[in-house]
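Below, chain A partners chain B and then partners chain C, in two separate complexes.
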Partner chain A sequence: MLGLSLREVSAALKQGQVSPMELCQKCLSLIKETKFLNAYITVEEERALKQAEESEKRYEKGQALGILDGIPIAVKDNFSTAGIETTCASNMLKGYIPPYNATVVQKLLDQGAVLLGKTNLDEFAMGSGSTDGIFGPVRNPWSYSKQYREKKKQSHHRADEDSDWLITGGSSGGSAAAVSAFTCFAALGSDTGGSTRNPAALCGLVGLKPTYGLISRYGLIPLVNSMDVPGILTRCVEDAAIVLGILAGHDPKDSTTAQDPVGPFTLPILRDVGKLCIGIPKEYSAPGLSSEVQAFWSKAADLFASKGAKVVEVSLPHTSYSIVCYHVLCTAEVASNMARFDGLEYGHRCNVNVSTEAMYAATRREGFNDVVRGRILSGNFFLLKENYDDYFVKAQKVRRLIANDFVKVFNSGVDVLLTPTTLSNAVPYLEFIKEDNRTRSARDDIFTQSVNMAGLPAVNVPMALSSQGLPIGLQLIGRAFSDQQLLTVAKWFEEQVQFPVIQLQELMDSCQTFSQHKKLASVSLKR
Partner chain B sequence: MWRRTLRAALRAGLSPGTTGAVAEARAARVGSSRFAGSDSGKAEGPSPGGRVSAELIEHLERLALVDFRNREGVARLQAAIEFAGQLRAVDTDGVVPMESVLEDRCLYLRADDVVEDSCVEALLQNSQWTVEEYFVAPPGNITLPKQSEQDPVTES
Partner chain C sequence: MAAPILRCARAGRCWSLGSRPRRTRALFAEPVPGRVREQSSAAAHEWAAVVGLEIHAQISSNSKLFSGSQVSFLAPPNSSVSFFDASLPGTLPVLNRRCVKAAVMTGLALNCTVNKKSLFDRKHYFYADLPAGYQITQQRLPIAVNGCLTYSLSVGAHWSPSATKTVRIKQIQLEQDSGKSLHDDTRSQTLIDLNRAEGQLRVDANVSVHHPGEPLGVRTEVKNLNSIRFLAKAIDYEIQRQIEELRNGGKILNETRAFDEKLGCTVSMRDKEGKQDYRFMPEPNLPPLILYDAESLPTAADPQQVVNIDWIRERLPELPSVTRGRLVEQYGILPEHSFALLNEDGLLEFFQTVMKETRAEPKKVIGWILSTFLGYLKQRNLAVSESPISPSSLAELLSLVDSKVISLPAAKQVFEELWQNQGKTTGQIIQEKKLELLQNQEELEEICQAVLAEHPQEVMAVKKGNQKVVNKLIGMVRRATEGRADPIRIKQILEKQLQ
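Presenting the complex of A and B:
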C-alpha cells in the first residue's frame, strides 16, 4: 500500500480500500520504525491524525478536496509551517514557530494532503550530503536494501552495519530518505544548486527542480533568492507532475513568480521520440565522473537514438567556470540573506546585552555552524567595495555567459539536454566527511548548479543500479517554462529503463533490532 | 605564532578530520578573540597572494557580525578566494551582468492595500524579549569593541 503511486493511492482512498486514518497510521508507525534514518526533524503525529480524520469525513461525504486528499506528505524543514517548528537544522531557528504557511505548503494542505512532519537537511540547506545539520546526518535507506547488501556480501566486505551506512546526498536528504523508505508519498525539497536532484539521484527517486518563477518561494527560508526554487521528490515522474500541477502558478506574495497562465501538467504518453532532439553537453564529461555513471549516460543516449530520437553532441563552453561563478554568487547572496538572523525578532538570542552589535555578534556566533559562517564571511569579502567588481559583478557577467550557452543550445533545435546528475553513486558517510563542505559542494554540485543560474527546469530520473547495487540517476534539462515537455520526456525515459524498486526487507529487519524496545509505542499507535 | 599553525593546517590540506588539525583548532579557539589582534603582528596572510591580513579579518568580522572562530576559518576564506580567482580567466568584455533570470519580464507589484489583518501579536510571540509592542534591544550606540581590545562575545 505504501509503495503505490499518487494516482493509485488516491484511487484506493476513493474506492475505500484504505481510509486516510489507516494510511496515516501506517506511515506514522513506519516513521517510528525507521527513526534511525534520521529523515525527520519533527513528526506531527497528532496534527497529522487530525488532518487524516477530517479527510476521512470528506471521503465519507464524497467531498474529497483533490487528488492529494488524505495522502501523507513531508516537507523539508526550511519551509515555514504555521504552528510547526521550522528549524533549517540550525541552532539559530531552534524553537522558531512560524505564524504562517509557505504558499506551497498551504497549497498542499488546501488539497487535503496530510502533513506528517518536517524533514532533515544541511544547516540552512548549505551542503550536498545532509550531514551538516544540528540534528545529525541522514542515512540513505539504500544502505539497508537487499540490492546493496547482497552485492556487499559478494565482494566480501564485512557488513558493519553501524559505520557502513551511506549518505543521502543533499541538502534535501531528509525528504529523499522519507520518500525512498515509503514513509510518505511525496515530499518537498528545495533546490538552489542541486539540493533536490542530488539526493534524488543517490536515493533512486525522481527529483524535480522546476523553472525559476513557476512556483512560489513565499515562506521558503531564502538561501540564494535569485536561484532558490521549491523542489519535488517522488517515486515516479507522473507523481512529480501531479504535485507540480498543484504548486505551480503566480503567487501575489512572491513577485518573482511569473504571471502567465501555467499548466496543465498532465503528461501525455510519448509514443514516438522520433521528433525529439537530445543534446549531450560534451563539457559534462568532467574529471571525477565515475566510469559507471559515464557508461550509463552513454547507454541512455544510445537508448534515445535507438528509438529514433536525434542525439547530438552540444557544447556549453562556460561549464567549467559555472561552479566557481555559483560559489561567488551563492556566498554573496547568503551574506546578505543571513543578515536577518540577529536574535531580535525571532530565533536564537544570546545572553550578551552589552550593546546591540555585541548581542548580534554573539547570537550569530552561537547560532550558525562553521559552514554558514564561512559562507557569510566569504560573501562579505566578495561584496567589499574594493572587491565588488572583481568578484561579484564579474560572477554576474559569467552567469550571463552560462545562461546564454543554454539559450544557444536550445535555439539550435535541442529539446532536452541529457547529463549525469552526480559523479557517482552514494558514498559511505565516513568517506564523505573526510573533506570539508566547500570542497564537497564544489564537487557534488558540478552538474546541477548551472541550471539554477540559468533558471531552467531539470529533473533527476533514476536509471539503474550500479555494480554496488546503488541507484544512479541522470538529469534531463529543459527550456525555461517547458516543465511539462521535460517531464513528458522523463516519463518516457522512466518507462524504458524500468528502474528497480528498493527492497527494504532488510531495512525492516534492522528496524526490529533497532527498535524492538519501541514496539509498545507503535502498537499503541495502531489502536 | 598563529601564522605558523595556519601554514601547518594548510599543509595538512585543510582537512578537519586529521587529529593534528583538530588539536590546532582547539588551541586556536582558546585564543580566538585575539588571533587577529596586534600581538600577531601585521600578518601577511597565509599564502603568497597575501589577501587575508589581520585588518581584513577584523573588518570582515565587524561587517558580517560573525567571527572566524579559528585559523581554519581564515584558511577557509583563503581557499574560497583562491577558488573564486579562477573567474579572472573568463573574458567578460562587454557582457552585461545578469541579476535575475526573469529580467525580460515585468516585475509584479502588489497594490498597496492591506489584505491581511494585524499580525502584531503573532509576530511578537517569536521574539525572546518584548515589552508591550516593542522588541527589546540592548543599547545601540556602542560599536563592537575591537577584538584586540576586548571581546565580550567570547567572554559570555
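Presenting the complex of A and C:
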C-alpha cells in the first residue's frame, strides 16, 4: 500500500480499500522502524493522526477535499509550519515555532494532505549531502537495499558494517529518504542550486525544480531569494505533476510569483517523440563526471534518437563560469538573509548581555555552523562598497549571460535539454566528509545550479542502477513556464527506462506491513 | 512597516514637506550657496554654506509600505506588527499600492520626473529596532528624481515679493520605516516598538561651508530634527560652528551630529562602529516597480493592479502656489493674505464659503477673517474646524455691515456674542441688544435738534466758522443713539440744521 502512486492511493482511499487512519498509522510505524535513516527532524504523530481522522470523516461523508485528502506527506524543515517547530537544522532556530504556514504547506493541508513531520537537511539548506545539520546526517535508504547489498557482496566488501552507509545528497536529503523509504507519498524539498534534484538522483526519485515564480516561496526560509524554489520529491513523474498542480499559481504574499494563470498540469501521454528536439549541452561533459553516468547519459540520448526524436549537441558557453558566479550571488544573499538572526525576536539567544553588539556576535557564533558563518563572511565581503562592482555586479552580469545561453538554445528549436544530475551515484558518508562543504557543494552543484540562475524548470528522472546497484538519474531542463511539457517528456522517459523499485527487504523485515507493501510497490511502479 | 521618505538638499535655511504614515524620502540638492558674510571683513573671507536635507515623511495610508499591518497614531507598542514587520523567517514584502500612489503624487507636486521603472534595495546595518538587519529602500533607481519647489519667503514681519526661491529636489524614494528604540537607562534596557508609526516628519540636515570659488567643504550630518524651528536653529548653529572651527585653524570631520534642543547646539554622536558600509544589494523579493502612463498602459490592465501616472496627475489637487495666485487674482487680495489663508488648515475653505454667502467686499472679508476671526482662534488655541462661528453666520454678519444695518462696532459686539455660542442667531442678537442702525429720518432729526439745543456754545462756534466742532457734535449724537446712527447721515442732518 505504501508504494502506491498518488493516483492509486487516492483511488484506494475513495474506494475504502484503506482508510486515512490506517494509512497514517502505517507511515508512522514505518517512520519509527526507519528512524536510523534520520530522515525526520520532527514527527508530528498526534497532529497527523488527528488530520487523518478528520480526513476519514470527510471520506465517510463523501466530501474529500482533493486528490491528496488523507495522503501522508512530509515537508522539509525549512518551510514554516504553524505550531510545528521549524529548525532549518540549525541551533539558531531550535525551538522556533512559526505562527503561520508557508503557502505551499497551506495548499497541501487545504487538499486534506496529512502532514507527518518535518524532514532533515543541511543547516539552512547549505550543502549537497544532508550531512551538515545539527541533527546529524541522513542515511540513504539504498544503503540497505537488496540491490546494493548484493552487489557489495559480489565485490567482496563486508556488507553489514554500520559505517558504510551512503549519503542521500542534499540539501533535501531528509525528504528524499522519507519518500524513498516509503514513509510518505510525496515530500517538499527546496531547490536553490540543486537541493531537490541532487538527492532525488542519489535516492532514485523524481525531483522537480519548478520554474521560478510558478510556486510561492512565502514561508520558505530563504537561502537565496532569487533562486529558491520549493521542490517536489515523488516516486514517479505523474505524482510530481499532481503536486505541482496543487502548489502552482500566483500568491499575493509573494510578489515574485507570476500573475498569469497557470496549468493545468495533467500530463498527456506522449506516444510519439518524433517532433521533439533534445539538446545535449557539450559543456556538461565536465571533469569528474563518472564514466558510468556519462554512459547512461549517452544511452538516454540514444534512446530518444532511436524513438525518432531529434537529438542535437548544443552549447551553453558560459557554463564553466556558473558555479563561481553562483557562489558569489548565493553568499551575498545569504549574508543579507541571515542578518535577521540576531537573537532578539526569535530563535537562539546567547547569555552574553554586556552590550547589544556582544549579544549579536555570541548569538550568531553559537547559532550558526561553520558553513553558514563562512558564507555570511564571504557574502558580506562581496557586498562591501569597494568589492561590489568586482564581485556582485560582475556575477549578476555573468548570470545574465548564463540565462541567455539557455534562451538561445531554446530559441534554436530545442525543446528539452538532457544532462546528468550528479557526477556519480551516492557515495559513502565516510568518503563524502573527507572534503569540506564548500568543495563538495562546488562540485556537486555543477550540473544543477545554472538552472537556478536562469530560473528554468528541471527535473531529475531516475534512469537505472549503477554497477554498485545504486540509482543514477538524469536531468531534463525545459523552457521557463513549460513545466508541463517538461514533465510530459520526463514521463515518457520514465516509462521507457523502467527504473527498478528499491527493495528494502532487510530494512523492512521487522516491519509488519512489509509483504503487502512490497507487492503493491512493485505493481504500482511497473508501467 | 515602511514608508516613502522625501529627501532634499538646498542652501541656507529650510522649510519642510509633509505627508503622513509610511515614509517618503526626498533629497533636495541646492548647490547655489547661501552666503554668510562675516562682519566687517573683505570679500575674500566670505563664507558660503551648502545645506542638503534628507526629509523623512510618513505617507498617509492605512497600512504599512510592505505589510498589511494597520498604521495608527499612538497605537500601543507592538500592537500592529505583522509577521513581516517582526521579520519572521520566510515572510516577504508586498508593496502597498496606496504608498506608491502617494509617492507619485508627491513627485508630481514637486515637479519631479517620475521614473516608470524604479528598484528596491536592501541597506544593511545591525540595530535593535531593525529586525531584518536591513532596511528596504530605493538607493539605485528611486521612484522620482530631479524636481524643484519654488517658494516665497517673508522677510521680517512684512511681505517681500522679491524673496522667491527655488529648491532643487534630487530624489524621492520609498523606504521602509525602522522600528523605535526606547532606552530605559535605569534598568539599562532597550525596548523595541515595531509599530513604526512614529513621527510624521523627521529631517537630517547635511551642512558644509567653504569660500566661494573654492571646493566645497567637508560636511556634517545633523540627524533626527523633528521640527522646522529646530531644523533652522541646528543649521544656523552648525554653519557658525564650522566657520569658527575653520577660522581657528581646526578641521571639520565628516561625522554625524545630534541637535541638543535645550542647549541649542549640535554635538557629535561619535559613531561607535566607525565607518558604516551599508552593503547595498538589490531586494530580490520585489520585482522592479513599473508605473504606467496613458500611453504605456496595457489595454487589459486591471486598474486595481497598476499605477497610472497620468491618472494621478489629473487628480492632483490644486497646488498651493496656484491656489494663492488664483486668490490674488479672483478676490484682489494681497499676496501675503493668500499665504495667511493657506497656512491655516481649513481657513481657505472658510473664507471661500463666507465669500459665497456675503455681499461684503473681499477686502473687508479678508480683514475680518485674518484679524478678528483668526485672532479669536489663536487666543483660544482652536483650529478652524473648532470655531463656534460658522462661515454662514459670519457671512450674514458682514452683509449686515455692508448694507449699513449695523455699524462696525456693533458688528464686533455681535461677533463676540456669536462666539459665546448661546444658540442665538445674528438677527436675534441684534434685536435683543438693539444694535441696528436708526434708519428713521424724523427720529434722527429730532435727536440732532435736541443735541444742538443743549449745546448752544458749540453751535455758535460752528457758525463762527470752526468746522472741527461739527465732529464733536456728531460724537454727541452718536452717544445719544448709543452708537446706532450712521455718522455720515448725522453729519448731513447736522449741517442742514446748522445752516
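The definition used in the following text is that the second predicted complex is superposed on the first by the 507 of 527 C-alpha atoms of A that agree within 3 Å, B and C clash if a C-alpha of one lies under 4 Å from a C-alpha of the other, contacts with A are read in each partner's own complex, and residues count from 1 in each chain.
Here is the rule we go by: a residue touches a chain if its C-beta (ideal position, glycine included) is under 8 Å from a C-beta of that chain, and two chains touch if they have at least 3 such contacts.
On a predicted model such as this, the values are computed, not experimentally measured, just so you know.
More residues of chain A are in touch with B than with the other of chain B and chain C.
Look at A:E345: by the touch rule set out above, it reaches both chain B and chain C.
When the two complexes are overlaid on their common chain A, residue A:A102 makes contact with chain C while staying clear of chain B.
In the superposed model, A:E357 makes contact with both chain B and chain C.
Touch criterion met: A:T256 reaches chain B and chain C at once.
Touch criterion met: A:A332 reaches chain C, while chain B stays clear of it. Of the two partner chains placed by superposition, only chain C is touched by A:P222; chain B is not. When the two structures are aligned on the shared chain, A:Y212 is found in touch with chain B, with no touch to chain C.
By the document's definition of touching, neither partner reaches A:S128: not chain B, not chain C. By the document's definition of touching, of the two partners only chain B reaches A:Y321; chain C does not. Comparing which residues of chain A touch chain B with which touch chain C, the overlap comprises 96, 98-99, 226, 252, 255-256, 259, 335, 342, 344-346, 356-357, 360, 380, 384.
For chain C in complex with chain A, the touching residues are 83, 86-95, 122, 124, 126, 128, 131-134, 190, 192, 272, 277, 279-281, 284-287, 305.
For chain B in complex with chain A, the residues that touch the partner chain are 14-17, 56, 59-61, 63-69, 72-73, 76-77, 79-81, 83-84, 86-90, 92, 95-102, 105-110, 119, 122-123, 125-129, 135, 137-145, 152-153, 156.
Chain A makes touch with chain C in their complex at residues 79-80, 86, 88, 93, 96, 98-100, 102, 217-222, 224-226, 252-256, 259, 332-333, 335-336, 338-342, 344-346, 356-357, 360, 380, 383-385, 388, 392.
Per the touch definition, chain A reaches chain B in the complex via residues 96-99, 212-213, 226, 250, 252, 255-259, 318, 321, 324-325, 327-328, 331, 335, 342-347, 349-362, 364-365, 368, 370, 373-374, 376-378, 380-382, 384, 390-391, 393-401, 403, 433-436, 438-439, 442, 453-455, 480.
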